[in-house]
Amino acid sequence: MADPALVVRDVSKSFGGVKAIRDVSLEIAAGERISVIGTNGAGKSTLFNAIAGVFPPTTGSIHLFGEDVTRLPTATRAQRGLARTFQTSRLFEQLSAADNVFIALGGNEFRGGLLRPARSNPKRWERVERLLERVGLPGRGEQLVADLSHGEQRQLELAMALALQPKLLMLDEPAAGFSPAERGHLITLLRELPQEITLLLIEHDMDIALAVASRVVVMHDGEKILEGTPAEIRNSARVREIYLGGSIDHAA
Amino acid sequence: MTAPETLVTPTATGRSRSLWARYSWIGWVVVLGLALLFPYVVDRPRFWLPNIGVRSLWLGIIAMSLVFLNRYVGLLSLAQVTIAGISAYGVGYVMVTLDQPFFIAIPVGITAGTVAGFLVALIAARTKAIYFLMITLALGQVFYSYASQAIEVTNARRGLAPIKKPDLEIINLNDITTFYFAALLAAVICFLLCRYVAASTFGMALQGIRDSPERMAALGYKVNRYRIAAITFSAFIASIGGVVLVFDRAQIDPDVVSLGSTLDVLVVAVIGGIGSLGGVFIGAIILTLLDNFAQDFTDRYMTLTGIVFILVLLFAPAGIAGIGAQVKRAFDRRRKNASDPGDDPQQEPTATQPTGEAITKGKQQ
Amino acid sequence: MDQFLLIALNGLTLAAVYFLVASGLTLIFGLMRVITMAHGTSYLLGGYIGYVIARETGNWLLGALGAAIAVGVLGLIIHQVLIRRFQDDDMRVALVTLGVSLIGTDLMLAVFGGTATQVAIPAAFQVGLPLPGLGSYPLIRLLILLVAVLVGVGLTLFINKTRYGSIVRAGVDDSQMTSATGVNVRVVFASIFFLGSALAGFAGVVGGTLFPLLPGQDGSYLLFSLVVVIVGGMGSVPGAAIGAALVGIVSQFALVYAPTYSLVLTFALMVVVLAIRPQGILGRRSAT
Amino acid sequence: MMLNNWKGLVPTLAVGAVVVLGVTGCSTGGSGGDGGGDAGGDTIKIGVLATSEGNLAFGMGEAKAAIAVAMEAIGGTVDGGEIGGKSIEIIYAGTDGTSGSAQTQVKKLVENDDVDIVFGPVSGDEGEAVVQYALTVPEVTFVNGSASPVGMTLEGAENFFRFHGDSAMWMGGLGDYAYDEKGYKKIYSIAEDYSFPYDNAGGFFSEFCAAGGEVNGNSWVPVGTTDYATIIAQIPADTDAVYVGLGGADAASFLSQAVTNGVDLPLVGGSIAVDTTALSGDANIASAAVGTITGGPVPGAGYDNPEWQPFVDAYVTQPDAFPSPSIFSILYYNSFQSLVLGLQEVDGDLSDGHAGLRDALGSLDWNSPTGQISMDENRQAIVDNFLIEVLDEGGTLVQKNISEASGVTQGTTVYDRFEGCP
């Protein structure tokens, strides 16, 4: 068996004395689909950012496909096959949707030809259109990002993450702000992802988290408190207690 | 999750363009035509060509390098004048101190300016926006105080003179009309170069970095390298401006890199339109005209400049070059309101919205 | 060794003036994340106002107070009229205030002329104070150092101990969070702008007592205060103190050992700090 | 700030260009249409360069006062008059004292306003730029205003005349006086680090050292240095006097800090260390300045040349005049009056490429308010120079004329930064 896609070992992160996460460990096999759930402030995003390389963890280590990436910068992790979306929208707002995906395609590919005119690259633009279609934005490429609806922007996020042809795809609340119909589309899309893509999903929305994942990790107060199959989590009294006491609208 | 009802046109060539984008080349031809005619329609070419024409051109080139950085990288650099000055000092040093011909001096000057820009980039690329502004301002002053003191290299306040314009037998740049055309050629080349780089894959990535460096890193881009490359490129453009400057002034002294000169170029960029590569030349023409004629009607030339500067920032943040678009947007809005009142208000573009659509169209040419 | 001490003390007393100017700048930046490029103009204007009041009344303190209030009010007006509407756009604030400084420079030249003036102080302060090991040292420089220390301690206490200060501190961390707590952020912003400008005006009187006032110093004090806050870390008052001390001491030693390049060396200090610690000595690394 | 627009750019660029061309077209009628500036015409245009912005902004006022004095004496005004049947038109162009601004304005005067004669500029930086420009327009005659770098008249510009001493000549006689009369043997030099003080200090120390004096240290400080406490601490104990080659605010800074730091050494001032403009500020420098000896082209109180007082009387009636003429108004007056004399000699005849006028200017010899002015072969004046001591007379500072050095001629050395004796 190959190396696991991701190994998080005893990772803690403090911000000015406040421990955001404590000794979190996590192992994801290649091709697995994992959801991390938890209430606001549970430390999900901190964990996510530590894995993505936004900041180094205070203690602990992170291995990506067998390689220690704990101290490597974000860009290098991306080149190793890690793609992520952002919680708040950080799209290239002054560009069109197609341009956004075009740029995303360039991160790991097209090393040469940087100085070729961007428009003289029909192959790449074809791939842009295919990706837009795949996430449900066919023909919307010419739209300015600013003119897209919130849901469409999240779809675009996904297209950009997929553009990297990731081995590990990390999605940060991809369904936030989605209508029920869009949620359905998203679940279908995620289920149809090729099997070789490992998926790490951080989600408030239990429906999506449980529908997509093969395994679910529950975080609370900066610690991992539970791990199990969607069915186990659905039936866990502890989870129900946390969620009912927490601030989540979409409690199961 | 597909929507088969829409057929997608896969390449850029199939994209629809606005009328403006399609015919804007005519506008450029007109502008270039006017610039080419300039020497023949003015009554006193010996005044208009150097004082307004050539000076506007090098001010414009330097301001353009500033605008390129601001527009495509999101960095406002106040060291562009310094870089142009370093290039000019390079030319002056080779020609005056080392007594070498211009064809050695010019490449040395441009190289010196570009390398200086690279060093600035190494120091400043990690910072952003407002820090970058302050650091480049301070670095500019480092060089100013160095240039004012280093007798061995810059001849301190006396500066290096005379720097004679090249005489190539067939083309004698001492002829002011010829020199004007040479400067014009340099400006056009710089402009096209900036446009080309902006429209390249590299330029696209720069805009991504400008809008969201975090995402670009997450997409696998080494953000810093791109920033450094872009700053170095803009330094190259500024260095070309410096070469035109030094031959125009025929001497180089610390005044060229003083705070006042830095402000001049900033005023040019802001008045012309800090988002517009071509608009800087309008700003440059306005500044040189003010410089030459404002004192005929006011003693408080700086106050006048400052007021214009602030008014532009308050009411026409895209500069003179953006006023056309601003008016057009307001007009469109009114027309739209008139034609279909109350229809679909959330789709309506607002005046404050960045005209990114126009950018995209612009890049297609 | 005496020489060394003397130069260091000169550096520190010079730093006192730099600190007074830069503290206003760093306060404004700390809360609002904007830089006002008219800060040097506030310094020079304060100096001139203090000079006029002190000349007319013969009272230095009145001059200092009047200058601080006048420049503070002017800063407040500039904030309300020109800055408030886009205070999230740091670049535009920088540019607009640069425009203000262009106008200010020109008008001050028109009013006060190009010759040097100096704020008068009673002759009793124009004496040397015997210091052990150093001989006589100008009393006025020591007093200015004392004033700067008092202002620095006062500001630090104000920010760390008062409720108002805690709002300012919270604003440093997260201005959106501050507004969420129901504090009237606009009033806080406006008052910090007043305070920052008033400090610059006050610094102008102090600086104008030690050194002459004349056109061009607006630019150099803006640059020095920028260097001080960049070196010390933007938004931090203790950082400004450290930055000012470093800049002052480096410039004085450079004046002796490498006079030709003393300005270059002062700025080079900034470059070195940036290369090692881009956020400044006491600055926090911003989240992005 | 990210502001972007493409759509409006092209039309506005086009509009802008049209506007520019329109303006250019209009100016045909305005500035150049009459063609009156030609050598054969009836109008002689004189373009005056003076500082109207920056630290020397008062230069323009002083220039105008000086020119008005000269013109009113021949029935004209500050804006012109008549000489030898030709009408004189005077056009003023303000600079900010920097070389760039001087370049812009001198080109404007020559190329746009079509002047026959350029008069000015004020500062040394400007002067060096104007001389370089003069070399490129041999058909125009240049008369210097108050710019004093040594090198200006050594550049070989046949069309450039200077009717006052250079900055080394301004120290003429002071070195001997300091050594012989004052008995200073060791002098410590504190001077600003740029070309004017090099020449100025060079002029003093070359004479002082030749007389047997010794320089026991130099501090070349950057222009704009405000804090002199540390510099003052460097002065060796066995120093007889301190040479202060500072000007304007730097001089005032130094003097006020000399007071607070308890310097009681006598001072030798450079030409601009204690001139009227520095003393008219309120800096508390009285006690330090007293006893300072200095040299320069401005006579001190008690100067008894009969030409002097009438000039002062005429000067103070001018609008915005200082209580007494500054160095700028004196130099501008002497230079402009020289030009007037030259024009009178040839009856305003500028034919043959100004040949007659240039001969006349080059051989001028007249008794100015500040003594005899004659010319050497480099078109550089041979002048009287003044030695002055600052005295405290009843609480007010008085610059007392102590001696004159007559017939001071220009050397050939352009001084650079030096250590010890130059």
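By letter and in written order, the chains are A, B, C and D; residue numbering begins at 1 in each of them.
In this section, a contact is a pair of C-beta atoms (placed from the backbone, for glycine too) under 8 Å apart; a residue touches a chain by one contact, two chains touch by 3 or more.
Source: prediction; values computed, not measured.
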Practice item. Give the chain pair, either C-D or A-B, that is connected by more C-beta contacts. Key: A-B
Check your understanding: If every chain is reduced to the average of its C-alpha atoms, which one ends up farthest from subunit C?
Key -> A
Study note, to complete from the structure: Min distance from chain CA centroid to global CA centroid: chain B
Check your understanding: Just curious, how far off is subunit C from subunit A if you go by their C-alpha centres, in Å?
Key -> 46
Revision key, fill the gap. dist(centroid_CA(subunit A), centroid_CA(subunit B)) in Å evaluates to 40
Exercise for review: Determine the centre-to-centre distance between subunit C and subunit D, using the mean Cα coordinates as centres, and give it in whole Å.
Suggested key: 36
Revision key, fill the gap. Subunit B to subunit C, mean C-alpha position gap in Å, rounds to 33
Exercise for review: Would you pick out the residues of subunit C that each touch at least 2 other chains?
Suggested key: 91-92, 95, 106, 260, 263
Revision key, fill the gap. Among all residues of subunit D, those touching at least two other chains are 1-2, 4, 53, 193, 222, 417
Review point. Which residues does subunit B have that touch at least 2 chains other than itself?
Key: 76, 145, 149, 214, 299, 301-302, 317, 354, 356, 359
Exercise for review: Name the shape of the chain contact graph, picking from line, ring, star, complete and other.
Suggested key: other
Practice item. Throw together a list of every chain pair that touches. Key: A-B, B-C, B-D, C-D
Check your understanding: If you look only at subunit C, which of its residues touch subunit D in the complex?
Key -> 3, 6-7, 10-11, 13-14, 51, 55, 89, 91-92, 95, 106, 109, 113-118, 120, 126-128, 136, 138-141, 210-212, 214-217, 220, 251-252, 255-256, 259-260, 262-263
**Study point:** Residues on subunit D engaged by subunit C in the complex (per definition of touch)
**Key:** 1, 53-58, 193, 219-222, 224-227, 229-231, 233-234, 248-249, 252-253, 256-257, 259-262, 277-278, 280-284, 417
Point to revise | subunit A contact footprint on subunit B (complex, rising order) | key: 1-4, 6-8, 10-13, 15-16, 196-197, 199-205, 207-208, 211-212, 214-223, 347, 353-354, 356-357, 359-360, 363-364
Study note, to complete from the structure: Within the complex, subunit B is touched by subunit A residues 52-54, 73-75, 78-79, 83-84, 86, 90-96, 99-100, 102-104, 106-108, 110, 113-119, 121-122, 125-126, 129, 132-136, 138-139, 141-142, 144-147, 160, 163-164, 185, 188-189
Study note, to complete from the structure: Interface with subunit B, subunit D side, in the complex: residues 1-14, 16-18, 20-21, 23-25, 27-28, 31-32, 52-53, 93-94, 96, 98-100, 103-104, 107-108, 110-112, 114, 125, 128-129, 132-133, 135-136, 149, 151, 193-195, 222-223, 416-417
